[in-house]
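Presented sequentially are two complexes of chain A, the first with chain B as partner and the second with chain C.
== the complex of A and B ==
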């Protein structure tokens, strides 16, 4: 991994050289918050006290998008598909948990069929991550095996040092991004400074939650009917806000909407397993009758089903689900409780 | 606080209720608690961070809570209005819930904030509250604290919106509603949204497109807000639940103002007072009939 030094001016030039750059920007309605939004100049970017309120997901899987349009004619149905090629874009100062999430979701997007819209955008995007320094008590990336300095999903990972940034080039795409940039070789002092910053960042988040044990997924599967599920989600409203802000929740619903009786569009829209409608069948029967069952699904999918199928936990520990929850549900706390139950079971079976 | 904990423990121990819905200290400030064991009643807290409306958990579509048995619920005056609403609209029987009312001195904007009440930190909906001492209760606890500081931000914003031309107002709301992702979190968190099937989810006919396009988002919020006219209790669970931070409290206040002007009705905690749109009155204005 090569390490280079980028001054603020170098980075400003890099932003200016690209047509579309997305970065955290101070939220209009709340000065303490940031959102990932397009910027014109480096000065527009702002790093907040917490992670951007919403993840990068919408830049790859928009809340709604047209898949095709159709028109009924005398001869039959005319179908027009949408282009799958996307405009090139750079995402600057991506949080490592958000960058990693994209790689995690790549797995399902390339399972059974390749999602051309997702990968069209993935291929057109270069991601410049930044060592996270905005963690709070709800962050638990290190429990998932990531960390505030994780390079996963980033093409270049920046660490703030005196006078600019230390840039670790991670992929050929990252190499290409910096090829036209006046980056110089990093000094030993800058490298040492970055190393200290990374260590400090890791220490800030490591105590928030214990690491998730390897056997946890299997325990969840075996304990699908554990009585603990019944009372775990009492305060959950079933509103699905957690899924909206989650960088890894990727479920969508496909609907046809008519513009007239002859023509219309087929769209896909974000969906969430936390709502009753998600599993409601045409007969009127709902296999997930109450919120306890819907919340169990959320945990099972993220920490058992997805790992079993793809070898990856479907969570990057960003903590947004805790921050956004009106009912005060807290994922690291819930995981801690389940892991304790799993350990107790193991202790008993070992005797 | 001790009074509340002792009452909760007694109600549970006597078998008067099977669960007490109250507030507890959570990892991110105060949050809803469901106490079923009298020995756990010491977890209950009540202070200015108790922003949540726990009456929303009495909504009969929450089957996982119904199964716990008869509840007692800790309410502020504003929350008591939701209980009255559920009783008024025949969703729950008054006798099916034990109401523990707390005299309230206003709440903060966020449950995770740990600040003194000030004109900035106090929830805007507390401004001018006339329900700090609820009338709907089985038990009422605490001394009545002084009036909270007035946070005028919402009133100012509404005054600003009222001064706008229709085109300006439309562009304000279009900007806000373009962020709506139609997750319907506002509906799910609302104590008064209890329809078994929401119009937003009817497919035959499809009244509202399910996709989060601007025109459908407008239709959705218009329908939701109009359906809340004279029913909304201004607890703003909708606004707190919205993952896109859309200022839904502006709608709530605006529509409540319209109902008050038109029908002389304010959301109240007396279930015997009929909702303005739920009753026929010859006193209703009819100047629109020509």
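== the complex of A and C ==
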């Protein structure tokens, strides 16, 4: 991994040189909050402010997107394809939890059938992560095995140092991004300063939640019928807000929208396993009838099913689900409770 | 062409099976698809009525019959009602084939018992014709099929045809109260009909599809007859959107019906979390 130094001016030039740059920007409706939005100049970006309210997911899997359009006449149906190639874009100051999430979701999007719409956008995007300094008590990235300094999913990872940024070049795409940039060799002082900043950032989040043990997924699978599930979701309203802000939730619905007498589009829309109709069958039968069953699915999918199928936890510990939950459901707290149950079982079986 | 884009198919024949169940015979519009399309018995597809959306059904025709596919569906929701409004010559969308299939190759050289209830005959019919079209490669063939009433029996012309064949045993049944004065079949629920019609599990595979309640009460009958759980095959019909393992809807624990199924053995189903 090569390390370079970028001055503020270098980074500003980099932003100016690219047509489409997305970065955290102060929310218009709430100055304490940020959203990932297109910027025109580096000065538009909110540096070191709160974690953006929504993840980067919407830039790869939009809340709603057209899969095809069609024209239906007496002569038959004509389908118009949508392009799978996307406009090049740079995402600047991506939070490491959001950047990592993209690589995690890549696995399911490439499972036997390649989702070209997702990968079209992935391939056209260069991600410049930034050492996270906006963690709060809901963050638990280190419990997942990531961290505020995780390079995962970023092409370049920046750390603020005196006078600019230390840039760790992680991928060839990152190399290409910095090729036309006046970045210089990083000084030893800058490298040391960045190392201290990374260590401090890790310490801030490490005590928020205990690390998830390797055998946790297997315990969840074995304890599908554990009585704890019954009461765990009593505060869950089933609104699905957690899924919409989650960087890794990727479930979707496919619907047709008939626009005129002849034309229409087929869309994919975000959906959530927390809503009551998600698994409702045509016969009226629903395999997941209660909210506790639906909540169990969410936990099982993230911490047991996805790890079993893809070797990855489907969560990056961003904590957004806790921040938006109207019922006050707190994922690290819930995980802590489940891990304690798992450990208790282990202790008992060990005796 | 992205993975969510369907192929266009033309409706070439419509058969009304019951008052609310219909079979569409479909041909690919693109000649190369018509020539090259292949599938295995038990696989499914996403069928679309443009303007209303997609629905998941099995392919109900046999892979031994080339050049077309058939699907059978009961009108219950938006898409199935829209499909019902279409006529011969109209266009539907099709994505597939998806999922795994019945072990037709493994079954060769053995006897097969087919058991179906109601519209559950659709996936079983696909396997039945596959076996019958290669009849000399199998030993005994038994079909047990039942529905709530005589009016709910599907594929009636084929039931006629099977009843006249000497190389298979057909047992038809309707629930008590569902019979008509001229009904010649059994008046019994499927589990009892199976108990009567099937005498041995020796060297035999069982394929079983129907409503969950029928499966639930037929499995113990098959076990009592001596069928190993690994030799009993059924299909699961969970709600799906993509059929490709991405939309996150059809899983039962870590098992994805669209990718690991829709065909499962009774042994596999016993190991799944009981959430289906």
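A few notes on this one:
To be clear about the criterion, the second predicted complex is superposed on the first by the 346 of 351 C-alpha atoms of A that agree within 3 Å, B and C clash if a C-alpha of one lies under 4 Å from a C-alpha of the other, contacts with A are read in each partner's own complex, and residues count from 1 in each chain.
To be clear about the criterion, a contact is a pair of C-beta atoms (placed from the backbone, for glycine too) under 8 Å apart; a residue touches a chain by one contact, two chains touch by 3 or more.
All figures in this text were calculated on a predicted structure; none of them were measured in a lab.
With chain A as the common reference, the superposed partners chain B and chain C fit together side by side.
In the overlay built on the shared chain, the residue A:292 is in contact with chain B alone; chain C does not reach it. Legend: residue contacts after superposition of the two complexes on their common chain; A:82 is shown touching chain C, with no touch to chain B.
Touch criterion not met for A:159: it reaches neither chain B nor chain C. Of the two partner chains placed around the shared chain by superposition, chain B and chain C are both touched by A:255.
Once the two complexes are overlaid on the shared chain, A:233 sits against chain B while remaining clear of chain C. Legend: residue contacts after superposition of the two complexes on their common chain; A:281 is shown touching chain C, with no touch to chain B.
Once the two complexes are overlaid on the shared chain, A:333 sits against chain B while remaining clear of chain C. With chain A used as the common frame, the shortest Cα distance separating chain B from chain C works out to 6 Å.
When both complexes are aligned on chain A by C-alpha atoms, chain A residues 253, 255 touch chain B in the first and chain C in the second.
Interface of chain A with chain C (complex): residues 67-68, 70, 72, 76-77, 79, 81-82, 84, 108-109, 111-117, 221, 224-225, 250-256, 258, 264, 266, 268, 271, 273, 278-283, 285, 287-288, 293, 297, 300-301, 304-305, 308-309.
The part of chain C that touches chain A in the complex is made up of residues 1-6, 8, 10, 29, 48, 50-55, 74, 76-77, 80, 91, 93, 211-212, 237-239, 241-242, 244-249, 251-254, 259, 273-276.
If you check the complex, the residues on chain B that touch chain A are 26-34, 52, 56-57, 61-65, 67-68, 111, 181-186, 188-189, 201, 209-213, 237, 240-245, 247. Residue ranges on chain A touching chain B, taken from their complex, read 27, 29-30, 53-54, 63-64, 137-138, 230-231, 233-235, 237-241, 243-245, 253, 255, 257, 267, 269-270, 272, 275-277, 289-292, 322-324, 326-328, 330, 332-333.
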